[in-house]
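Both complexes shown next keep subunit A, but they swap its partner, so subunit B is in the first and subunit C is in the second.
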Partner chain A sequence: MPHDPILILDNVSASYRGLRALQGVSMTVAKGEIVAVVGANGAGKSTLLKAISGQVATEGAISFDGKPLAGVPGHMITRAGIGLVPEGRRLFPRLSVEDNLRLGAYARRGDPNRFKPLDLVFTLFPRLAERLAQRAETLSGGEQQMLAIGRALMTQPRLLMLDEPSQGIMPKLVDAILAAVVRIRDLGVTVLLVEQRLVEALEIADRAYVLQTGRVVMHGTAKEIAANEDVRRAYLGM
Partner chain B sequence: MANAIVKRRRQELVVGGVVLAGLALLPVPIKDVYTQNLIIITVLFAGLAQAWNILGGYCGQISLGHALYFGIGSYVSTLLYLKLGIPPTLGLFAAGIVAGAAALLIGWPCFRLSGHYYAIATVVVGEIGYLLFLNWDFVGGATGVFIPFKGESWAELQFKTAKLPYHFVVLAFAAATWLAAFWLEGSRWGFAWRAVKDDVVAARSLGVNIFASKMAAAALSGGFTGMGGALYAQYVGYIDPDSVLAGHFSILIALPAVLGGVGTLWGPLIGAAVLIPASELSRSYLGGSGRGVDLMLYGGLIVLVALARPQGLVSLFNWRRKSDVPAA
Partner chain C sequence: MTAAHLLQVAAGGLLMGLVYALVAAGLSLIFGLMDVVNFAHGELMMLAMYAVFAIWAINGTDPLLLLPIVAVLLFGIGIAIYHGLIARALSVQFNRGMVQIFVTFGLAIFIRGACQFVWGGDFKSITGHWLAGRTIELGGVFLPLPQMAASAICLAAFAGLLAIGRTEFGRALEATREDRDAVALIGIDRNRIFALGWGLGAGAVGVAGVMLAGFYYVGPNVGASFAVIAYVTVALGGFGSMLGALVAGILIGEVEAFTAAFWEPSLKQVGVFAVYLAVLMLRPRGLFGRL
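Now for the complex of A and B:
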């Protein structure tokens, strides 16, 4: 068990669109690590993030930084310090890059330092600084993903959750984005990464959980998971 | 980059001032009472459509029941004036507050519905309001309320011979709604609304309180609409449920914004400038049988705009959009 946990799920179940998508999931994320959640389509990975961010009703207990999240509305979970990069990015397409980032700082309104993470965002993704005035919909897929991550960083999260950040992105940029995720972790933000690309995810993760039909079927260090015969056979076709 | 936005907003304020001055002078040389009346009604609807735009345009919650707030506003100021002697210049604000409160009361259950269901709910609520007032004796029921003329007075917004003072009153109202929209566009509410309109999930993930955002938009939108209703009552001197609460009125409040461009500063004004004269003319040429025809006219215009200019008539004025075009 990792010490100094920031996020604890205890026996969490959830239904999504009438299906029981999570069944008794327990997991722990410690401060400063990258935890990958891997599994096939429909394994419940996205529902897991929806459950943590308060978008679906759940049973069981979820606690963040020692405080239970039960009954906390979705927008307050963000303000508590959990940032989400949603599946499919969900940018505001007609707003400029700058306005998308400014909206990220919405949760910190009133705070004079709310635009401070901009420096970090531009250091991680210099391209965004060049495209500030462009509408988000005019960006390439990779740039949109960068903007989605940047927008989530603007909320100043202590835990950043990413839902399939490599989806619909050319391979060259996938590496750049995962490298940025590592840098974000190195800056002290804990990362929970949901990813279908098993190999790439396990390369950057410290630990991993394997989900199958809504249950945790395996967990351990990323190395252990990557070396596991069953995992390799089931997900890598080796 | 921030400078470009500040600059654009300054330009918009300047254009707003010029348009305001132009509109203020517009009816002065006109002696024809019918044309003056047409201008006053058009400006009033520009203000109403801008009020609707706050909720329907910026926040993306399509309301087809705004006649209710309009009606409530007109009844509140009129009844305060007739029963308690409170001058409409004050009653106007009471009208705004009560109508805004009504919008909150209706928003409470209705904002739990999303998309088309919200729009449908507003239609139903509007009809219920119409029926309530129709059968409520205290407010005059179906006979309505007549506002007697008590002499020229700015405080009581009564002017017998001249129409010009009314023009300035409704122009002040329209300018207030425009300024409110202008200010809101750059405020945190404006940002939250655009986020809610575009993507509720993303907005929530950024810490936007969806429900509170919608409620704030509804209160402001309903409040301004109620103030417009108070002015309208004072202008025409007679209100009944059919003239201020009927369902087609809700459409008439929403249409200029839809035609001109929803969620834009100038759309409601441009839409009203096209739609209201068109509807008045069709009515005056076709007489009593024209009511159906003006609705067909609206429908035709909307279809035309939807096909040719989905962003609304405002998109014909491209200067505003230049800064949004990608540099590459």
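Now for the complex of A and C:
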């Protein structure tokens, strides 16, 4: 069991669109870790992130930084320090890149330093700085993903959750985005990464959980999971 | 038909058109933000008119002085309507579209009935106020001061709405309108944004109502007649478009004025609806619509 946990799920179940998508999931994420959640399509990975961010009703207990999240509305979960880069990115398509980023700090109105994370975002993704005035919908898939991560960083999260950041973007950019995830962690943000690309995810993760039909079927260090015969057979076709 | 007469008609159309534009802007703001058509929009305007009338009847306070008070009152009523009715209507599981239509429709009937109960069914008018009966003459065109003031204040309120759109709050409104579920990811409470949107929409139509009370009769059906014009204005300008509401409001004002002047005053709305039908057939999304 990792020490200094920031996120604890205890026996969490959830239904999504009428289907039982999570069944008795327990997991722990410690401060400063990258934890990967892997599994096939429909294993419940996205529902897991929706459950943590308050978008689906859950049974069981989820606590963040020692405080229970039960009944806390989604926007308050964001303000508590959990940033989500959702499936499909969910940017504001007609707003400019700059507006999308600045809105990430909207909830911190009154804090004079609230736009400070912009520097970090532009260091991680210099392309965004070149496209500030462009509408979000005109960006390429990879750039949109960068913007979605940037917008989440503007909320100054302590836990950043990413839902399939490699989906629908060019392979070249996948590496750049995963490298950025490592840098974000190195700056002190804990990362929970849901990813279909098992090899790449396990490469950067410290620990991993394998989900199958809504249950945790395996967990351990990323090295252990990567070396596991069953996992390799089931997800890597080896 | 002289040029002066033409100018006179056009000026009248413009003055009324600016009032229509503000009424439509409030309707358009709410619709654009959350896809809810407020069928009680005209009744909110009527409520503002009755509020002015009631206070004036008690102590003779001039409508102009009541403008800020009644605007704030309507802003509060808009927020209360959102929290009390609309938020609930949005959370139903089945037939949400119908529930949304009938909740504001029912509210309209309720407000109309309540006003009729309190003030009776006859027309009231506010007389002897500061601007009443005064006109200015500009190059042979006579401009009644109450209408001048109404159009100027409505234009200013309109500019105020546009200015709000450029603030950070305006960006949050726009973001909520684009993806109401995603705003939680940036820590925005959409209920708060929706409620403020209702407050602004009701406040806008409240401003129009106050100014209108200076030269228009106050009665339980006055809201309905303006609401119909507001729907046409919004459809003509394009749903959700503020600029569209302004241009269409002026256009409707002119069509109405010219129909009344050159055809038959009692048929002035026929011209308006002819334009409406033409828009529906030729450009269903309106002049500036995004749909």
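We adopt the following convention: the second predicted complex is superposed on the first by the 238 of 238 C-alpha atoms of A that agree within 3 Å, B and C clash if a C-alpha of one lies under 4 Å from a C-alpha of the other, contacts with A are read in each partner's own complex, and residues count from 1 in each chain.
Note that in this section a contact is a pair of C-beta atoms (placed from the backbone, for glycine too) under 8 Å apart; a residue touches a chain by one contact, two chains touch by 3 or more.
Everything quoted here is computed from the prediction, not taken from an experiment.
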item: Combined model on subunit A: subunit C and subunit B, fit or clash; value: clash
item: Touched partner set for A:P68, first subunit B, second subunit C, both or neither; value: neither
item: Partner chain(s) touched by A:L95 [first = subunit B, second = subunit C, both, neither]; value: both
item: Touched partner set for A:G141, first subunit B, second subunit C, both or neither; value: neither
item: Which of subunit B and subunit C A:G168 touches, first, second, both or neither; value: neither
item: Partner chain in contact with A:P126 - subunit B first, subunit C second, else both or neither; value: neither
item: Those residues of subunit A which subunit B touches in one complex and subunit C touches in the other; value: 53-55, 73-76, 78-79, 83-84, 86, 90-95, 99, 102-104, 106-109, 151-152, 154-155
item: In the complex, subunit B residues that touch subunit A; value: 1-2, 4-5, 188, 191-192, 194-195, 198-199, 201-210, 323-324, 326-328
item: Partner subunit A, residues of subunit C touching it in the complex; value: 168, 171-172, 174-175, 178-179, 181-190
item: Partner subunit B, residues of subunit A touching it in the complex; value: 53-55, 73-76, 78-79, 83-84, 86, 90-96, 98-99, 102-104, 106-109, 131-135, 138, 151-152, 154-155
item: Residues of subunit A that touch subunit C when the two form their complex; value: 53-55, 73-79, 83-84, 86, 90-95, 99, 102-104, 106-109, 151-152, 154-155
